[in-house]
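So that you can tell them apart, the chains are marked A, B, C and D in the order they are listed, and the count of residues begins at 1 in each.
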Amino acid sequence: MQNDEIRKALQKTSRATRTERMGKIISFSCIALIVVVVAAIFWFVASRGIATFTENGVNLWQFLSKTAWAPGTTDASGVPKTGALPMIVGSFGVTFLSALIATPFAIGAALFMTEIAPKRGGKILQPVIDLLVGIPSVVYGFVGLTVVVPAIRHIFGGTGFGILAGMFVLFVMILPTVTSMTIEAIKAVPRRYREASLALGATRWQTIYKVVLRAATPGIMTGIVFGMARAFGEALAVQMVIGNAALMPHNLISPASTLTSVLTSGIGNTVMGSLENNALWSLALLLLLMSLAFNLIVRWIGKRGEMK
Amino acid sequence: MAEPKQFIRELPATAELALSTEDLRVFYGSKEAVHGVTLPFERYKITALIGPSGSGKSTFLRSLNRMNDTIDGSSVTGKIMYRGLDINAKGIDVYEMRRHIGMVFQRPNPFAKSIYDNITFALRRFGEKDKTVLDEAVETSLKQAALWDEVKDKLHKSAQALSGGQQQRLCIARAIAMHPDVLLMDEPASALDPISTAAVEDTMLQLKDKYTIIIVTHNMQQAARISDYTAFFYSGDCVEFDETRRIFTRPKMQATDDYVAGHFG
Amino acid sequence: MNAKRADKIATAIIDVVAGIIVLILASLLGYILFRGVPQISWHFLTSPAKAFEKGGGIAYQLFNSFYLLFLSMLISVPIALGAGIYLSEYARKNWITEVVRTSIEILSSLPSVVVGLFGFLIFVLQWHLGFSILSGALALTVFNLPLLTRNVEDALHQVAFTQREAGLALGLSRWETVTRVVIPEALPGIISGMVLGAGRVFGEAAALIYTAGQSAPALDFTNWNPMSISSPLSPFRPAETLAVHIWKINSEGIQPDAAAVSAGASAVLIIVVLLFNFGARYLGKLLHKKMTAA
Amino acid sequence: MRTRKIWLGVLTLGLLALSLAGCSGQTKGQSITVVGSSALQPLVEAAGEEYSSAHTGVFINVQGGGSGTGLSQIQEGAVAIGNSDLFASEKTGINASKLVDHKVAVVGITPIVNKGVNVHNLTMAQLRGIFTGTITNWRQVGGKNQKIVLVNRAQGSGTRATFEKWVMAGQPALAAQEQDSTGMVRQIVASTPGAISYVAFSYVDKSVRSMSVDDVSPTVNNVHTGKWQIWAYEHMYTQKKQNKLTKNFLKYMFSNKVQQKLVPQMGYIPITDMLIERDVDGHITKLK
C-alpha cells in the first residue's frame, strides 16, 4: 500500500524526534544553569576564601589548628588570630549530634506514616512536619533561648548555652527534611517486596527491618545528607543558643560556636577585601569542604549498606 | 562430519516479509548477548520465539524496534530490514519506526490515566483532534483486543484499576490503535491467569489478519497453539527456525528436541 | 515467638517515637500560637508596620511573602523540573553526573547568608536589579534549587520504568512520555518537595536581607501597573517579608510592642504555612486525580 | 498543555529579565539606595519615607546589611549613601579620604545586666576588668556570689567597637559569647542570670537594667556634655561627588523635622543637641 509514504516518513525527522531534541535541550539547559550557578558560588566562595592564605599570608595549618579567633587583631608575634578550630569542632559537633538523634526519629516517624498507620500518620504527622520547615530560624532560636537554654541550665548547670542546646534546636529543625525524604524513600520500595516478605512468613517488623529499610537505605542517606547540610548551614537559631563564642568547647554545655554562626554574625560588619572579610570567606570555604567530606562519607556508608 | 550448528528454514519466494534480520548481534557493553541471528518474519503470520531464560530471545525481540536503545551501553551490529530499510541506519527516525513496529511488554504497563486516555493519548500527541475519530479508535481497538464489552461502561475510569488480564489486553489495544505493521510481544501472557491468557491468545489470532506478530513466550503450548513459525533460541543463538508444526513434531536439531520435549529450560 | 515479640516491641517503639515527635511539635506550635494568636487582629493583618510606635501591623510584609513565594516558585520550579528530568532521564551514569549531583547537594549546606551575599553582589549590584523582590526571588531560587531538583529526580525515579517503555513503544519521545505521563504520576512527590521549598521561602531571612531588602515601602493596592514602584505587583521594589520582619524586630526593633508584634507575626507565619500546605496538597491531589484518572 | 504553560512562564520571565535594563534605567533617576548599619537603618528608612511622601516620584531605598557592607559599597560607588556606626578610618580596607562623612546622630551606649544582678554602679576599671576577664564574679565588685556571663556584640560591630574604644583602652576583650544584633543580646542578658553586655540607650527596656559608670548615669544629657564617655556618631558616608537627590536628602536629614522629631523618637541623640564634638582620636572640642 503506502509503502513509499512509510519509507519516506521513516527517513524524515519526525515530530517525536523534534520534541525529544527540544526536551533534551530544555532539560540540559536547566541542569547547565544549575551547574553554572553552583560553579559560580563555589568560585565566589573559593576565590575569597583562598585569598586569606595567598594575599594575607595566613598559614593554612595555623588556620586549621589554632584556637584563637579575632582576625582583626594580632597575637604577640604579629600574626592575625585566625584559628578556626573552635568553630570546626562546634560545627562538626552540632551537625553530627543532631543528625545522630534526628535519624532514628525520622525513620521512626516515617515508618509510622508509611507502614504502621498510614492514614492517621498522614493526616496528623505529615502536615505538622511540613509546618516545621516554614518556621523562621529566628523563632526557633527564640524558643530555644526561652525554653531549651534555661532547661539545660537547670538540669546541667552552667549558662545553658552550648552544643547541647544547639543540638536540640537543630534536631527539631532538620527533622522535617530528613523525615520527608525518608518517607519518599520508603514509599519508593515496591509493594511486591513487602508482599513477598510477608508471604514468606516474616513479621511486619522483620519485613520493615530486613526488606523495606534495606531497600530504602540510599534514599534515607540522601535525606540525612540534606538534613546535615541544613544543620551545617543554619545560622540564626544556632547562634542564639550555642553561645556563639569562639572558644574550644570543653563539654556539651560550654559556650561554643559554629562556622556558620561566626560567618553570619561577622560578614556584614567587615569590609570586602580586608583580612577580616577574607577570613570569614575562608570559613565558608571550609564549610563547603567539610560538607563535601560529610557527603562522601554518608554516600560511602550508604553504598555499603546497599550491598549487604 | 560436523553437525550443522543451526537450521533456518528458508521461506518460499512468494512469502512477503514484514521484517527480517541479517547477522544481528546485540551487545551490552562488551558482552555479546545475541550472536549473529538471521531470521525472516512473514507478513500476517505469528512467529514465536522460544527458548530457556537467558537465551537472548527477549533481547533479540527488544532490538527489533530498538527498545534496547534505552539501556545504557547497549549496541547492535548487523541489519534489521523493514520495508527495504535498515532501521538502525543513520537516517532512520527511531520514533517514526516505532509507530510501525509496536510492542507489548511482559508486565502490563497501562499509563496512569483513564482507559480512554490510554488509547487516545498517543493518537492525540500525533495530532488527531477529532473526537469522533478518537472515539472510534477506542471502540475498534478495544473490540479487536476483546476488551470492549468488559470496559465500555467505564472508559473514563483509571486503567490501573483493571485486572491484570484486562490491563494486558488494554496494552494490546493501545498498541494496535496506532495501526502498526508489526507487533512485538514480550511474554504478554506470562503474568496472567489461564482465563486471561486464553483471552489474549484469542485476541492474537484475530489480529493475525491485519498484523504481523512476533511473540516471545515461555509457554510451549502457547507457541504451538497460536504461531505459524517458531524460532528456538539457545544461549544467544537462534538454533532452529521452522514452521511451528515441524518444530514441535520433527525438530532438526537435538537441542530443540530436548527443549520441546521438556528436558531442560 | 521471638520474632513476634520483636515485632511488637518494634511497633511500640515506633509508636513512641511518633508520639514524641508529635509532642515536641505540638508543644512548639502550641507555644508559638499561644503567644501569638492573641496579638492577631484584623487591624494587625491590614495595617502597615511602624518603625518606633506601638500598633504596627504586617500587611505589606504578608503580601510580600506571598508575592516573593510566587515569583521564586515561578522561576525555580520549571528549572528544577527540567534539571530533575535531565538527571533522571537523560544523564548517563558516569562520574560527571555524580560530580554534578554531589555539588548540588553540597550547595544546600551553604549558609543562606552566603547565598544572600552572592545574590547581593550578582543580582543587586552586577545586574542592577537593586534591592528588589526579583533579586530576592533569584537568591531564593539559588537557595532552593538543590532541594527541588533532587526531589523531582527522586519523584521521577519512583515512577516505574515500564511507563516510559510504554510511551516509547508507541513512537512517542521520551520527553513527551515524561512530561505527560510520568510527571502527572509523580506529582504528589513533586508537590511535597515544592511544599518544603515553599516553607523555606516563607521562613528564610538571612538570604533576603541582602537581596529583597529589609524595608517595606508603602504599597498602593489600586495601582496594578507592574512597572510602577508603588504597585504591589512590581518585581522591582524592595520587599521585606514576614520572616525578615520578625528577624528585624527581634534584632534591632525599638517598637514598644516589639515582642508582641514578633509573636503575632510568627503565629501568622505558621498559620499561613499551614494553610499553604493544605492548599498545595489539596490542589496537588486534585490535579493528580484529574491527570491520572486515579 | 500544562507543561507548555510552564515553559511559557519561563519564556515570559526571560523576556522580563531582558527588559530589565530599560526599567532600572527609568527608576534610577528618581531613587537612591542607602545601605549599611542595621542600627541606623530604621531611622534613615523612616526619614526616607517622610521625604518620599513630601516629594512625589522620589524613592529613598534604605537597607541594612551592616556597617562593613555600607562602607564597602559606598567605596565601590555602588550605592548613593553608606551608613556606618564607625568612622570610615576605623575600618581596615576603607580609604576614608575618598569619602565624605555626614554625622547625622549620636548614639549612647550603656552596659546592661540581668535584673538579678544587684550591682548598680561600676568604675571604668571594673568594667574593663569584667570584659578582659580579670573579674569573673559579681562578688568581686560588691555584688552577690554569682558568675559573670559576658555577652559581646560580634567582632566588627559598631557598638562593640565603640564600647571597646572607650572602655577597654586598647586591651583585648575576653573571647566570649558574641551576638550580631542588639535584640539578641538583650534577650540573652534578660534570660541569663549574671549576664552583662552593652546596648544603645534606646534598647534598654524593663527586661534588663542599665548600669552607671563612675557614678555617671547613662542619660542623654550626660552624653550632650560628654560626661558619659561611651557614645558614638552615626555616620552617613557619600562619595565626594553626590547627585542632587543625595544632597537634598542629606540636607533633609539635618533639618529640624528629622533632628528634633524623628531622631529622638527613634532613640538617637540629635547631632544638633551636642555641646561637644569628638574626633576619631577622641579629642574633644567644646561647641558654643
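One rule holds for everything that comes next: contacts are C-beta pairs under 8 Å (C-beta built on N, C-alpha and C of every residue); 3 or more make two chains touch, one makes a residue touch a chain.
Since the model is a prediction, treat every value here as computed from it, not as a measurement.
*Asks:* For the interfaces A-C and C-D, which has the higher count of C-beta pairs in contact?
*Replies:* A-C
*Asks:* Please identify the chain with the largest separation between its CA centroid and the CA centroid of subunit C.
*Replies:* B
*Asks:* Between subunit B and subunit D, what is the gap in Å from one C-alpha centre to the other?
*Replies:* 78
*Asks:* Just how far, in Å, is the C-alpha centre of subunit C from the one of subunit A?
*Replies:* Each chain reduced to its C-alpha mean, subunit A and subunit C end up 16 Å apart.
*Asks:* Averaging over Cα atoms per chain, report the distance between subunit C and subunit D in Å.
*Replies:* Subunit C and subunit D have C-alpha centres separated by 32 Å.
*Asks:* Quick one: subunit A and subunit B, Cα centre-to-centre, how many Å?
*Replies:* 49
*Asks:* Which residue numbers or ranges of subunit D touch two or more of the other chains?
*Replies:* 7, 38, 64-65, 69, 180, 184, 187, in rising order.
*Asks:* At least two other chains touched by the same residue of subunit C: list those residues.
*Replies:* Within subunit C, residues 78-79, 81, 171-174, 176, 179-180, 250 contact more than one other chain.
*Asks:* What parts of subunit A, by residue number, touch at least two of the other chains?
*Replies:* 14, 16-17, 20, 26, 142, 264, 267
*Asks:* Based on the touch definition given at the start, go ahead and assign the chain network to line, ring, star, complete or other.
*Replies:* Its topology fits none of the listed shapes; call it other.
*Asks:* Touching pairs of chains, all of them, please.
*Replies:* Touching chain pairs, listed by label, come out as A-B, A-C, A-D, B-C, C-D.
*Asks:* Considering the complex alone, what residue numbers of subunit D touch subunit C?
*Replies:* Residues 3, 6-7, 9-10, 13, 16, 20-21, 23-24, 26-27, 31, 33, 38-39, 41-42, 45-46, 49, 52, 59, 61-65, 69, 73, 76, 78, 180-184, 187, 202-203, 265-267 of subunit D touch subunit C in their complex.
*Asks:* Considering the complex alone, what residue numbers of subunit A touch subunit B?
*Replies:* 3, 6-7, 9-17, 20
*Asks:* For subunit B, which residues count as touching subunit A in their complex?
*Replies:* 82-85, 87, 91-97, 100, 126-127, 181
*Asks:* Considering only the defined contacts, which subunit C positions touch subunit B in the complex?
*Replies:* 92-93, 160, 162-174, 176, 180-181, 184-185, 291-294
*Asks:* Would you tell me which residues of subunit A are touching subunit C in their complex?
*Replies:* Its residues touching subunit C are 14, 16-17, 19-20, 22-24, 26-31, 33-35, 37-42, 44-45, 104-105, 108-109, 111-113, 116-117, 121, 124-125, 127-139, 142-143, 147, 172, 175-177, 180-181, 184-185, 187-188, 202-206, 208-209, 219, 222, 225-226, 228-230, 232-236, 260, 263-264, 267, 284, 287-288, 291-292, 294-296, 299.
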